[in-house]
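What follows is a pair of complexes built around subunit A, which joins subunit B in one and subunit C in the other.
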Partner chain A sequence: MTAPVSPRPTRRRLGARLWAARMEYLFMLPGLILFGLLIGYPMVASDWFSLLDWSGFDAKSAFIGLGNYRELWNDPYFWGAFRRSFFFMLGTVPMQMGLSLVLAIVLNNRLMKWAAVFRTAIFLPVVAPVAVTGIVLTLMLSPFNGPVNGLLMSLGVIRAPLDFLGSPDLAMPTLIVVFVWKWIGTTMVYWLAALQTVPDELYEAARLEGVKGWQMTLFVILPIILPFAIVIALVSAISALNVFPLIQSMTGGGPFYATEVMEVYIFRNAFASTAGSLPRLGYASAAGVFFGLAIMVLTLLQIASVRWMRRSTRDV
Partner chain B sequence: MQNGISRRGLLAGTAALGAWAVAGMRPAFADKATFAIPRDPIAPIPAGSSLRWVDSGDNKARFYKAFMPQYSDARGGAKIVYDGLPWDQIGTVVPLGIRNGTAQDVFSLPLSVSGAYAVANGWVQPYDDFMPDLAAWKAGFPAGAFLEGLNVFGGKTYGLPYNSGRMSSAYTLYSVPLMQEAGFDPAGKPLSWDDMRHAALKITQAGKGQRYGWIIGGSQVNRWGAVVRSLAQASGAAGGGSGPWADLDFRTGEYLFDSDAYVGAIDLLLAMKTDRSVFPGVMGMNAPQARAFIAQGAAGMILQGPWCVPQWQVQAPKFDFGSARTPAMNPAQGGATIVDAVASVNNTMWIWKGSKNQQLAADLFHYLGTVQGQTDWVNIVGPGDPPILPAAAKAAKISPRAQQVLELGETSVRVGPNPLVRNPALAGVTAVFKAPTPGFSATVQGLFSGQLGNVKQAMTELKSRMNAALDTALAEAAKKGSKVSRDDLIFANWDPSRDYVQADYNAL
Partner chain C sequence: MSEMRASSNRQLLSPRRRMQVASVFLALICCIHVWPLLWMVSASFKPNAEIFAGGGLIPSAPTFDNYRRAWTEAHMSQYFLNTLFVTVLSTLIVVLTTSTMGYAISRRHFPGRGLLVGLLVFTLFVPQGYTIIPVFELLGALGLSQSLWGLVLATSGGSFVVFVMLFAGYFSQIPKELEEAARMDGVGFSRTFLFVMLPLARPIVVTVVVLQVLHAWNDFLLPLVVTLANPALRTLSVGVYAFKGENYIDWGGMTAAATMSILPIVVLFLFLQRYFIDGLAGAVKG
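Right after this comes the complex of A and B.
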């Protein structure tokens, strides 16, 4: 007796499957083309340029293998910029996330009057052009009759005006505060979206259990929106590492490299030729590739954290 | 410094900023000028010719935006497109256009790219064949305007040197009332370094926190180098050149960074900082912002170029200002600003090798190189980009202040040796030279901000870095076939008190 043969699942050929989903692929095509042109090609080109001794000016270039990377390794100004980029990120992300979470929780309260007005006011800096913001803030922060110094002096916080952007010690902290002020609206919107996922029933149940005030936030809301924190932190961290326009318009990386982050370093080497020297597109590309890899590692770590967090909450 | 926000001050400041912005949006000079464009071209222009022209804009853009439509009409409606771009964009747009075969017909070379490099790499073409009276036309230029190795290569003329290089980017520009109140008259009696320091201090003390003696656009790193270099040269430091050989004493071939003049100039700035007579927050402002504070009466003096003059005349017509030569350690020493060519190298225009509109370009070059064209030029552009023909400067209908700053170029600037004229193969060195970090300007900025310590030590280390970078570049260029050596940078017959001319090159 032979065992009954179960029908083998029919495995459609790749071509047939592609054809069946042709409309989906068709709709993806414009995005793929743009991705290839605007992201894929520059990434591959940068990888190649990083292996060249090339000014970017003419067709002549010399393949030098990992020579640019070796030079980077021994360049204290590269490591200085690298360190400052991550210092900037560590300075901005926790402050931005913490403050925006507080704002979101406050503004999420349905009993609060004028919540929409406050939300708009907090979001307004986000839509202002970065370069314009930078220039205006340079005037606002000026130690010569700048309104910020005037206010601090009138409140008795300081006795003499502070050179916020000209002092090597103050320039970076100032930029961190400006960045947080500029982008806190975006993070607040993310948190508000996360807060929408907390079911009303949960609030009601918690209230019935006698949970009030900060306990509600700490024991009910936060555990639910915590997985969002990883994603928001990831987005905020990447945003904090892409800070070129703000720094370029406010300090240009100065004074004496005190605020030179990686993007400014790359720009300086790639385009802003120093006196007597041609730009170094190959070298700048190597710095860009190295920095890109560092961000990728950071992203992978955060993705791993998200997965770990999801597993943890599922197990609970 | 005032305590707290003054509402009146805030309102006045806002109004001033608004007025400044509005003034900045309108042309500084009348754009409805008429130009004496010759009725006939220098040679028949092929039908269908057109012209795309790109330079660094600024004052030049005012001229071309007014001139090009009229020139187009005078040449049968030839399509002419003018673009004024910032230098960093010139640095990307022009090379990219050349590589892609879409470059503008006429362009400025990116900064740090020499004519020799452009010729060697096939970027540009000569215009000898398109200008029938070339020799007579060139004879109208001052001696040294056209030089083999700068804009002439293999006997062929490539560049249009139509702006004078006799210009300092660090003249003493000052508020006359504030300087008079302090008891100084820089135009009548040039300032010594001590005078500069005392004048700054007196203005600051009299200002009681609302006025300061000296200001600089310190966020523009290059300003620090320009100011120290000019102060040192005015004090007798015979450092000339540009590019890898900037600040090199051509008599010895050694960098001057650790010389008494350079170190002393930095000490002067630090002394003014100690006196608290430097405007607060200079590290966070660029040169145009610093210039604006002078016109507002908040600062007494700035070391800047003649381009400030037309800006102030238009944007602050009631501002009473003066111009004088750069302060010197001892004005009696007779030091001078040293430039590397009679003509402005940055403003020299070139015809793209792939252009088919050479005849139209040459016709326009010809007009710009005549007294009439140069006079039209200076009448609109002013002293910021001075004409190369002295006759045009004299014939120009410009203000006495503008005329005065033009004359400063003639009296306080000398032309030094140019290594590229002696040996065009040195272009191979400029192509491979990698400036060290920090360079000269950044080092001065670091010393002023206090991030670097001992001046003499920092400048000695800078000299060492520059020597190493130059020697490496010379070796690399030689390895690639350029016949170059450090001896090419020694001009033993240079007398910095007078111009270095063709006869001096011949005598080497």
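Right after this comes the complex of A and C.
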């Protein structure tokens, strides 16, 4: 090193610049390898696999072009699962966000005693492993000796036990409620973080102006936390689309496919084909790619709306 | 309409009184949230006949028989060690790889930096269903599908991008003078990172550790797929799931197995609560 190296060489040849940054690359190498192996490669490989007819990891595969996609397009089970995934998302996200916002506003109130204890209790299910929680809840919701039915009957709400997870009409609503129960603590913590960005002076100023109670919430707090709402909605929507552990452990997609969402569909086709039929890795990959693209479009839409919100609030 | 209700509320109830009413509702919600955990622990100490009979949460004659069955016959002891192994090692790998990468992309200039950041953001929300088949195929190709190391490697990818972002965001806020000073003193690049920058980023390290422990302990699809042909490698979650498939009538054994898998992480949460909650909140703010 004779000449002092400028911090941002722009005009030198690429080779020299690459060489100058060798320490940085070396430094990132472990991360780059991990990223490449577990995220980069799988994303590209999935696209390739989706063009193959491939039945099992030990079997030979054959290139069939867009054949899998053509078959997906005409597969009612695929569309059923696709529809159910987004139905599940629309069923959970508004309820989860609304209820958790109310909880957060109440817990954020200075007059609320025991707020820390309440917060801990509501957050508790979040840390419990999903699949294990799902198993415990299947026992609790069982129509045979399950304590939930026991409680509802002794309270006089129902007269005969309900088959929460075994009836095609009840299974999906039950899973939606369980999902909200499980994850509402996360959204509540997000909202609490958002509420803490509201400066105390603002409350004071509003109070001096005579703003009270629900008006305070509606006209003072909500406008400030609205930009957070879009981020929270995005994160909640993504988590509602990734419900494999909960659904696989509670219903396995049943009864009669009534709760089969996309990831359960992919898993069933790729790894757990019904007795006699071979696993279909190419076909399942195609479903995964289709689903992944749908989520990506959804994400881009929401990120665009965050940008738009930020710009419009800055103009005000 | 809502204004009317608000004003009549204000006349009827003082703010303090209103909060007391809210407390009652909150207490009810908390009961609903804690009940399954209490029921699970309670059932795990009861004989099956007593569980099926319903009754209160306090077992009439507490027994450890369920735990003995789950621990030995259902191999939960093995699954417990597997989970611990995967959790600890994947957390170490994740902290090492994401902190270095987050540092490099936030504080250093190198060709391809923009491209790399773009790729990371692009893959932020890739669903597991998209990547699971190639990841499993890759483990096979690397000869890791028959060992816990494969599971360790694959589990490290779970929230990789989020963690890199968290580190990058934090490092970019640290004043440049610190690195300058270290450079003046002749301290090398990697030692600056290790002894100056990483200690400064302790809050993010704790957050990443907590979130990765949670992820590794709770992951299901990946360990399920990896252990389909290899029951000896099962983690606790998969073990409890398999228990239900094999012994669906043994509620006592099942709740004991479930308690073994849920209780350690719940206790950890109760002790490190602040880090769990700050970690989650930080992830959404960043």
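Following the convention adopted for this analysis, the second predicted complex is superposed on the first by the 282 of 316 C-alpha atoms of A that agree within 3 Å, B and C clash if a C-alpha of one lies under 4 Å from a C-alpha of the other, contacts with A are read in each partner's own complex, and residues count from 1 in each chain.
Simple rule for what comes next: a contact is a pair of C-beta atoms (placed from the backbone, for glycine too) under 8 Å apart; a residue touches a chain by one contact, two chains touch by 3 or more.
No experiment lies behind these values; they were computed from the predicted model shown.
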item: When subunit B and subunit C are modelled together on subunit A, clash or fit; value: clash
item: Partner chain(s) touched by A:Pro147 [first = subunit B, second = subunit C, both, neither]; value: both
item: Touched partner set for A:Thr138, first subunit B, second subunit C, both or neither; value: both
item: Touching partner for A:Arg280 - first (subunit B), second (subunit C), both, neither; value: first
item: More subunit A residues in contact [subunit B versus subunit C]; value: C
item: Subunit B versus subunit C as contact partner of A:Phe57, first or second or both or neither; value: both
item: Touching partner for A:Ala128 - first (subunit B), second (subunit C), both, neither; value: second
item: Contacts of A:Phe271 with subunit B and subunit C, given as first, second, both or neither; value: both
item: First, second, both or neither for A:Met296, with subunit B first and subunit C second; value: second
item: Touching partner for A:Leu208 - first (subunit B), second (subunit C), both, neither; value: neither
item: Residue range of subunit C overlapping subunit B upon superposition on chain A, of 41-49, 95-103 or 257-265; value: 41-49
item: Shared contact residues on subunit A - subunit B and subunit C; value: 57, 138-139, 144-145, 147, 150, 271-272
item: Residues of subunit B touching subunit A in the complex; value: 1-6, 9-10, 13, 17, 88, 91-92, 95, 98-99, 110-113, 121, 123, 212, 218-222, 225, 242-246, 279-285, 289, 293, 298, 430-431, 433-435, 437-442, 445-446, 449-452
item: Residue ranges of subunit A touching subunit B (in the complex, touch as defined); value: 55-60, 75, 77, 138-139, 141-147, 150-151, 153-154, 160-161, 163-168, 250-252, 254-258, 271-280
item: Subunit A residues touching subunit C - in the complex, by the definition given at the top; value: 7-8, 14, 17-18, 21, 23-25, 27-28, 30-32, 34-35, 37-43, 45-46, 49, 57, 103, 106-107, 109, 111-114, 117-125, 127-133, 135-140, 144-145, 147, 150, 181, 185-186, 189-190, 192-193, 212-215, 228, 231-232, 235, 238, 241-242, 244-245, 248-249, 262-263, 266-267, 270-272, 281, 284-285, 287-289, 291-292, 295-296, 299
item: Residue ranges of subunit C touching subunit A (in the complex, touch as defined); value: 2-3, 6, 9-10, 15-16, 19, 22-23, 26-27, 29-30, 32-34, 36-37, 39-40, 43, 51-54, 93, 96-98, 100-101, 103-105, 108-111, 119-120, 123-138, 140, 153-154, 156-157, 160-161, 164, 189-190, 193, 214, 217-218, 220-221, 224-225, 228, 236-238, 240-241, 243-244, 251, 254-255, 258, 261-262, 265-266, 268-270, 273, 276-277, 280-282, 284-285
